[in-house]
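One structure is given below, encoded as structure tokens.
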Amino acid sequence: MTNNSRVKKIGVLTSGGDAPGMNAAIRSVVRTAIYHDLEVVGIRGGYNGLIEGHFTKMGPRSVSNIINLGGTILKSARSSEFRTKEGRAKAFEHCQAQGIDALVCIGGDGTFTGAQIFSEEHGVKVIGVPGTIDNDIFGTDNTIGYDTALNTAMEAIDKIRDTATSHSRIFFIEVMGRDAGFIALNSGIATGAIDILIPEHNDSMEELFTTFRKAQKRGKNSSIVVVAEGETLASTYELAKKTKVEFPEADIRVTILGHIQRGGAPSCADRVLASRLGFGAVTGLMKGLTNVMAGIRSNQLVYTPIEDAISKNNEINQDLLQISEILAL
Amino acid sequence: MTNNSRVKKIGVLTSGGDAPGMNAAIRSVVRTAIYHDLEVVGIRGGYNGLIEGHFTKMGPRSVSNIINLGGTILKSARSSEFRTKEGRAKAFEHCQAQGIDALVCIGGDGTFTGAQIFSEEHGVKVIGVPGTIDNDIFGTDNTIGYDTALNTAMEAIDKIRDTATSHSRIFFIEVMGRDAGFIALNSGIATGAIDILIPEHNDSMEELFTTFRKAQKRGKNSSIVVVAEGETLASTYELAKKTKVEFPEADIRVTILGHIQRGGAPSCADRVLASRLGFGAVTGLMKGLTNVMAGIRSNQLVYTPIEDAISKNNEINQDLLQISEILAL
Amino acid sequence: MTNNSRVKKIGVLTSGGDAPGMNAAIRSVVRTAIYHDLEVVGIRGGYNGLIEGHFTKMGPRSVSNIINLGGTILKSARSSEFRTKEGRAKAFEHCQAQGIDALVCIGGDGTFTGAQIFSEEHGVKVIGVPGTIDNDIFGTDNTIGYDTALNTAMEAIDKIRDTATSHSRIFFIEVMGRDAGFIALNSGIATGAIDILIPEHNDSMEELFTTFRKAQKRGKNSSIVVVAEGETLASTYELAKKTKVEFPEADIRVTILGHIQRGGAPSCADRVLASRLGFGAVTGLMKGLTNVMAGIRSNQLVYTPIEDAISKNNEINQDLLQISEILAL
Amino acid sequence: MTNNSRVKKIGVLTSGGDAPGMNAAIRSVVRTAIYHDLEVVGIRGGYNGLIEGHFTKMGPRSVSNIINLGGTILKSARSSEFRTKEGRAKAFEHCQAQGIDALVCIGGDGTFTGAQIFSEEHGVKVIGVPGTIDNDIFGTDNTIGYDTALNTAMEAIDKIRDTATSHSRIFFIEVMGRDAGFIALNSGIATGAIDILIPEHNDSMEELFTTFRKAQKRGKNSSIVVVAEGETLASTYELAKKTKVEFPEADIRVTILGHIQRGGAPSCADRVLASRLGFGAVTGLMKGLTNVMAGIRSNQLVYTPIEDAISKNNEINQDLLQISEILAL
């Protein structure tokens, strides 16, 4: 994971789904590089931009006034061409022509897989920065964008709670997380959800019905159930339909929070995390690291082989599952 | 619309969909009444509560710390029983037993219709307070909850814009408004939507496609279209589907904002409006008014016959339609 | 107030204290002008920019993605040089050189005074757009930025209320408004302030003490007093000090909200207002209007002579004063 | 730190400065205790309430709808009487009379010191829960309320940045933190502050001036300096005054953010943290722990002797200091 040829010119790109804090990470990569007298080039549109040569020279003022913006000024895209040998060869030609000898790739699993293959094929140094709202990356306690997405989901559920309470309704609320229940579990605890359905836990309709029955007995007349997008028991609409069959009197509604969870001004925690990881990516490259991802664990900057970051799982905290049940009392 | 028997005891209820600021209105009704040495009773669960006698005596402290809360502490519901003569007769018995000689009914069209019939049948004085996020009530510039809903919708669309821009996508975003395009038109202007589809305006797919083509030519590579729930051209999903057929290269997404628009802490404008209308309702009853709705027009407290409030329409501002087209340039 | 020479090239500037929504107004001026085939030039730094010739040609994309930003992309400043005949002469030379035949001046009283003199001296058409958080301009129901400032002040006071309640404290909170009590009165009503001190109303320490005594009797053990910056009875710190002398047991704190009230993403109402006024300014100039200010009264676009806008007062609503007392019960 | 007599009845109190998330912690203590068939009593007004016997029996519904509220429903106060042996003896009498055999004390250093002495003198089990916005407690990565305060400070500074940029001003912004620079350092990094002054770091006016000079050279014409309340170099007003003497042309302003930082709806991270710590406090007491504080380190629940929590320091992250300098480029 180290390669001691000196880095002189860094390319930075964002790829995959956008996440709040990506701009703070770009800013940190650019300014840390310039501080250390390296050149930096912004690559627009993820790996497609690398293939098509959409490059912009970055100076310290190119990243002024972006730390507080959601989205990514470098734009993002999924690239099917980069999955081909030919696509990556084109990308490498551009790197050579530009003199780019290292890449900082901000994104998630897919982004890192692409980076790794590219590095192995063409010897360009790569370092990953975990930017995704899903928090499903091994090697860092939190990914960039996750904390902001939690707050966005929570604030939306808080608002829906007002209506649920006023009308004595049951709401099934779907939050993002195709493979991971982090957003659902944490936003569910934070909003006092009566039940939280996530892919990491085996759920059954019968258990859910029991939860509703207990709540009725305790005099709770409105309830929120938070469901992760990737829940395997049933789709959120089916969950609501089956519940209606079992409790025909209940007034049941569904809300899919959707894309609001990806945007917005990043939280303070996300801006600081992104600033640390962008800094860590550049200083890691300067130390000769490659094929690793920069992360923060236990408040320390650490580097994890990209292979591990991709193949291993970020585990859901078991005590949180227990707490979510106890507190829904 | 006047009835000079002196009011001594007022009942207050919220009915229909909840709206941010209803609590501020309840607080204002209660405190204004007490200030004028009237008794006030809270009726829980809208007209159902009137039928079933769910009454609570209200004092000045019953409404402490609620001005900033969404939803309604008196809860709301739609009541099919109140649509029957028998239902209303039961409700009147409870009013008599309690000595309630006037009702303040906070809600929308349906709420006011019920109030009017009840008043005509049983001689109880009624006054309406317009509380609905849709702003579709004649007789007031704004309804309680509308301004907050606008801000909520706008903030959600602002967030989605981050992703739309980062990924060069087209987003169709559906906002509330079953019969009225106020939320769509204003939140669409405020977020720079490329097109806004509302029931008050005849739209065609061809015009929409022309708008997209113009935008492409001008180099706009992401777009937001805001659609009112009540748009008659097609459902939001169908609009997206048809657009995809016309522009197969485009990356098109749909978000239905849903119930988040009903909740949340009321805006300053909504709290002040609710405070003024609650005050106006009680002082109106004291002056002998009945079967009217309190409203604010041109910053002045005015009373409109409930009949007009129900039958007439709050018109969409024509210059806003024009502005929305010019500014989407 | 009309001058029928056709306008061809418009200059737009922001001057005086910045207000959220100024960018939305700039965007609207630029796009409305371009839509009508007029040229538009942005003048940076208010009247200083006019004197020094800091001009930028504006196209439709110059104002992309700014509708949601606080502050002003054209920057603002107070200009002492523009108060001199020589300064204005220099400014006029630049206008002539550039072919600018009309100015849209976004700001407050001071901005309008400058515009009027300039127009009279040099025959350049001018139209004012009221942009100030203070709402102290005659000729428009609301100024741009006022609604946002109200929400910012209210949200800050809501937060302080948490501490006031938890610790049974009295807080004196100073909000902006050097000459006008609009922010204080409305944010005070919206947060349930026990008293609201504004320059438009004669207050006395004795009345304030009476209010506290009544509150104590009613069992209120925490209180918020909202004070306008321009209150004449005493400074906010002195008010607190005198209250402490009268109630030595009370735990009294002062918070000056300060500059947070000027910034932040504009509210939906402010963005729509700014869009309408920017549109109205350009179409007004096209109709030959000059030396007027565009405003919205009773939801209609209206033009007021700048002279009146400057010399007349926007009156505080008397019923709001009464409501503020009743509801603090 | 263990005492194996079985706990049957727990008292819970909040003491010291309030912090967002204290209510979430109370809710978690109450529901976890009830889940485990323990009785719980709420003590109102901190240690004063213990001395005066202000007790309320808590059930699961006593803590409904509070997870999202700032402040503390149990109220808080500093108690000079509890610092006396007599005061604590009175408190113990009430505990005995009530059958309270364990206390959960939510607060900061002062709260824990009181708990420890009380426990040593009277044998009542105590466990601390770190609730303070300052994050200055050893034994937990974050204290309850810190993350919310960071976001509040950051959002306020973001707003002030709008004005700073529009007017080319320098703003000195004071944030809370009497002994610790955590809020200043993190909110300063998150808002791109040009300099951050904290008590943990030796600063000099000369260094600050150098920073301003460099910024001027780089063409930065507006700057934010974030100052911790406990900065030792000079008061925030003095810093501004001295800077004005050195840079007489500069337009310099001061804002003291003040009490807004203590309030507001807790962030998702704070609600989850508070839920975990409340759970940890009760389960810790059940395992026989006493005189410890529950904390989360590296995402795991840990217990630290109260003695260490009080006497040791939570260290500022050194790499953050370095990053703050590099990124202000």
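In order of appearance the chains are A, B, C and D, and numbering begins at 1 in each one.
Keep this in mind: contacts are C-beta pairs under 8 Å (C-beta built on N, C-alpha and C of every residue); 3 or more make two chains touch, one makes a residue touch a chain.
None of these values were measured; they are calculated from a predicted model.
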item: Distance between chain centroids, defined by C-alpha means - subunit B, subunit C (Å); value: 28
item: Separation of subunit A from subunit B, taking each centre as the mean of its C-alpha atoms, in whole Å; value: 36
item: Mean-CA-position distance for subunit C and subunit A (Å); value: 40
item: In subunit D, residues with contacts to at least two other chains; value: 158, 161, 165
item: Topology of the chain contact graph, where touching chains are joined (line, ring, star, complete, other); value: ring
item: Chains grouped in pairs wherever the two touch, ordered by label; value: A-B, A-D, B-C, C-D
item: Parts of subunit C lying in touch with subunit B, wherever the complex brings them together; value: 24, 27-28, 31-32, 34-35, 60-61, 65, 67-68, 141, 147, 150-151, 153-154, 158, 161, 165, 186-187, 189-192, 218-219, 265, 267-269, 271-272, 275-276, 279, 297-299, 301, 317, 319-320, 323, 326-327, 329
item: Subunit B residues touching subunit A - in the complex, by the definition given at the top; value: 14, 17-18, 20, 69-72, 75-77, 152, 156, 158-163, 165-168, 171, 253, 255-260, 262-264
